[in-house]
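Chain naming follows the written order as A, B and C, and within any one chain the residues start at number 1.
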Amino acid sequence: MNQESNGGFSVARVTRAWYVACGSRELRGEPVARKILGIPLVLFRGPDGKPSALLDRCAHRNAPLSLGRSAGGRLECAYHGWQYNAAGVCVKVPGLVGEAEKTTREVPRFPAREQDGFVWVYAMPDENPAVEPYRLPKPDRGYTEVRRTVEVESTLHAALENALDMPHTAFLHKGLFRGAGRTHRIRARVTRSAAQVEAEYIGEPRPEGLAGRIVSPSGGVVTHSDRFILPSIAQVEYRLGSENHFLITTVCTPVEDFRTRLHASILFRTRFPGWLVRLILEPVALRIFRQDAGMLKRQSDAVRRFGGEHYTSTEVDVLGLQIWQLLKRAEADELTPSEEWKREIELDV
Amino acid sequence: MNQESNGGFSVARVTRAWYVACGSRELRGEPVARKILGIPLVLFRGPDGKPSALLDRCAHRNAPLSLGRSAGGRLECAYHGWQYNAAGVCVKVPGLVGEAEKTTREVPRFPAREQDGFVWVYAMPDENPAVEPYRLPKPDRGYTEVRRTVEVESTLHAALENALDMPHTAFLHKGLFRGAGRTHRIRARVTRSAAQVEAEYIGEPRPEGLAGRIVSPSGGVVTHSDRFILPSIAQVEYRLGSENHFLITTVCTPVEDFRTRLHASILFRTRFPGWLVRLILEPVALRIFRQDAGMLKRQSDAVRRFGGEHYTSTEVDVLGLQIWQLLKRAEADELTPSEEWKREIELDV
Amino acid sequence: MNQESNGGFSVARVTRAWYVACGSRELRGEPVARKILGIPLVLFRGPDGKPSALLDRCAHRNAPLSLGRSAGGRLECAYHGWQYNAAGVCVKVPGLVGEAEKTTREVPRFPAREQDGFVWVYAMPDENPAVEPYRLPKPDRGYTEVRRTVEVESTLHAALENALDMPHTAFLHKGLFRGAGRTHRIRARVTRSAAQVEAEYIGEPRPEGLAGRIVSPSGGVVTHSDRFILPSIAQVEYRLGSENHFLITTVCTPVEDFRTRLHASILFRTRFPGWLVRLILEPVALRIFRQDAGMLKRQSDAVRRFGGEHYTSTEVDVLGLQIWQLLKRAEADELTPSEEWKREIELDV
């Protein structure tokens, strides 16, 4: 690992990309403040109800526009009442005799879109995006979907690596997820294309620990894949036997260099009713998340205290380096469709 | 606006000037710690009861002298008992065989003066001030005076502009001060001389909202002036009819770059008894102040987060730029008596 | 005083030295996190029970190793379960097919030693120390020993100077230690050798104040010495008459530039039973410590706020400059055995 190993921080800022700013239902009548890649944004709905995202700073005296109010689909600053339309153009300066509209009174606008229950924002202002937001998987018949939003104090890369890293589960989540039982040698097939990388695990036994026993009491053949999709999606898929299917999609938002917001969609189908699985798994999932969030914070504290990362990796770190390379290419806007790349490794679980 | 618009902070540090350090009654037997322009000061009273201001740092081991005590008009350090007189000369080093007085043991002294109920300090050490502290207006017969000291988290300039800015009152103080009623076109006559700038509003209707209805239930002709006086005085004057007169003088102290202390003297005469007006207006004034302080803090947060101001102004920003230019000239010590300068603008209120 | 007077901070970082990391009894089954000279360390006991100190950062993903657990004398990281032996060599990477040991997976090891009830760490990693940890005085028959550990927010130098400074006791600890009684002129004989400096006070009256009255109600001849021993030991010795003997040894650990941990051993013999003296003196000592810690913190705040120290010294500052010079020489590793150096001064106490 290059950038990670020599003292810098593995922070990649992919700006030509869509990120979840908030849930659709969080943006109602009043403006909402959010941050993406360290940029303060104000979200509001225009006269047609469509979401709009502006830099959260009034052109006049730099008051946060998110302190203001929505005035008939225009955003009104709380300090002097300047009004902006959905495009960030100032359309009213109270008291001023004469025209309000003027280029110097405009506020940078970020493309915004509503899709799959989220308000998405493109992190590059005043630009026409060439891509579309990621489409979340939809629940088929017989599936239950649970959505959760949480925040961790870590870089986007550390959060993604953690979400798609199998080896840590046996230690950080000991007893909950994977246990300390017998070791099996399995294989992982890693496939990388231009915009994603996937690890497919072959020969994996049923996960041990409480979580495994609940979802598949009778054991069975396991199909398990971990997937990273640019710019910020982590996807974990489990099939146990023919009945059980879990698809956990985490859409990450890089709030600041060391703060990442995770929007998780958990789709599942088991032989038990959805409400029952949810009832049992939710506290387990919450505990797993808290352990991950705690460790990510301590890891962030450590790398900041030491002034940079000093990482070393092994074959068992199946996806970390691949994710990093994809992020750095996307940051540099070098997303030329590359040839598919494959490799197989062995590991003991 | 130049300095304000291109990413810097509108911080002017006028050091050859008198500022209010504290109220006369705050400085009694024991030393008091205050900060002006970021400089930590210790105030104490000499043997004659006159106030004295020294740098708040013992020459010996740099302990804050304000932790010490007054010993017969001398300031004694709490750590090793070194004693300083009103001129900052060390007159006693406990334990030392030999003379205490020595140039290296002196502490910088700032000129101090007691006037109009305040202790004033000149922000340049060991210098003989060529000017005198500002003289506050005195209450004539029939007038009531109220004094209040508050602190805001903003630059001196932002606090002054806020104090003398009419347009924001209709928005930030909606309902309290100016309302959302009919619009009147009025004129403002701006007059600038070497050390002050004033805006006189002509044709202004009686202020609407609660405050207006209280002070002048019957309406009447309004005379309204907003005045900035170097180095840090904001003055708002209202006459409504022949009976009602309000003169609000705010003497500001730049505590730090983003912290300003406001010492307000409110003089007024109405047809109602003073105590009654005070009873009714005090909660309103307090609420107005809290809204201003809240907005100034959010504005400061924003400009610091963005690494500088990115302002744009219109004709309606009547005094902001003038105040800034006077402050910058005073900072550079270029207070040559300039010719008087006048201009008239129109605005809708 | 040179380095101290021109705006820098009197911070000397003597790395080729042993410091107390923790008490023996603080290091049991589980790993312990400590900091020395700003370096985060993890302490744990190897299979033989001997203490070991590693840099508190897993070579893999930089998680603090102190979050982990001791696994049969090996330190196991809490994140992915990497295991390290007492030498900092990685001996297990869970999941990895193949050899775990590899130079890039090692963690810097700091020499560690257990002695006199403390775990000592040498502040230079992967080096063979040429010196041994300081040996604390042992209580002879009839002596009582009390141990206490406290922390102050100050540089090592400021803490040492404070611990060995007599003049401040009459002011900061007024009434508790020395009083405001009659002044006596005494002499101090200062002797400096390669690794220590000592001040012996001649003609000193019995300390006044509460502390003095307790330990020696009948007065008597006083022998008093203050001693600094490299790298970080302050020793105060009192004999009052033939019966009373106090030896206070404070072994300091520079935790960070402005944080110092003091490990005090108080040995004493009086004509009263040890438990009684302890009962009476403990609250007094605690109050003295709190006053010192409070002042050191305020002093640190002041020098940091002013961006450096601006000290001036007199003859009465008997040891401060000597301690500083010894520390700076040790930091530069110039500890050549110098000729003994003596001088006598007079002071009024």
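Here is the rule we go by: contacts are C-beta pairs under 8 Å (C-beta built on N, C-alpha and C of every residue); 3 or more make two chains touch, one makes a residue touch a chain.
Here the structure is a predicted model, which is why all the values come from computation and not from measurement.
Chemist: Quick one: label the inter-chain contact graph as line, ring, star, complete or other.
Modeler: Graph shape, chains as nodes and touching pairs as edges: complete.
Chemist: Can you grab the rotation angle between chain B and chain C? Superpose on CA, round to the nearest 5°.
Modeler: The best-fit rotation has an angle of 120 degrees.
Chemist: Determine the centre-to-centre distance between chain A and chain C, using the mean Cα coordinates as centres, and give it in whole Å.
Modeler: Roughly 48 Å separates the two chain centres.
Chemist: What are the residue numbers in chain C that touch two or more other chains?
Modeler: Counting only residues that touch two or more other chains, chain C contributes none.
Chemist: Enumerate the contact residues on chain B facing chain C in the complex.
Modeler: 40, 56-57, 59-64, 67, 76-81, 93-98, 104-105
Chemist: Inside the complex, what are the residues of chain A that reach chain C?
Modeler: 158, 166-168, 170-172, 185, 295, 298-299, 301-303, 305-306, 309-316, 346-349
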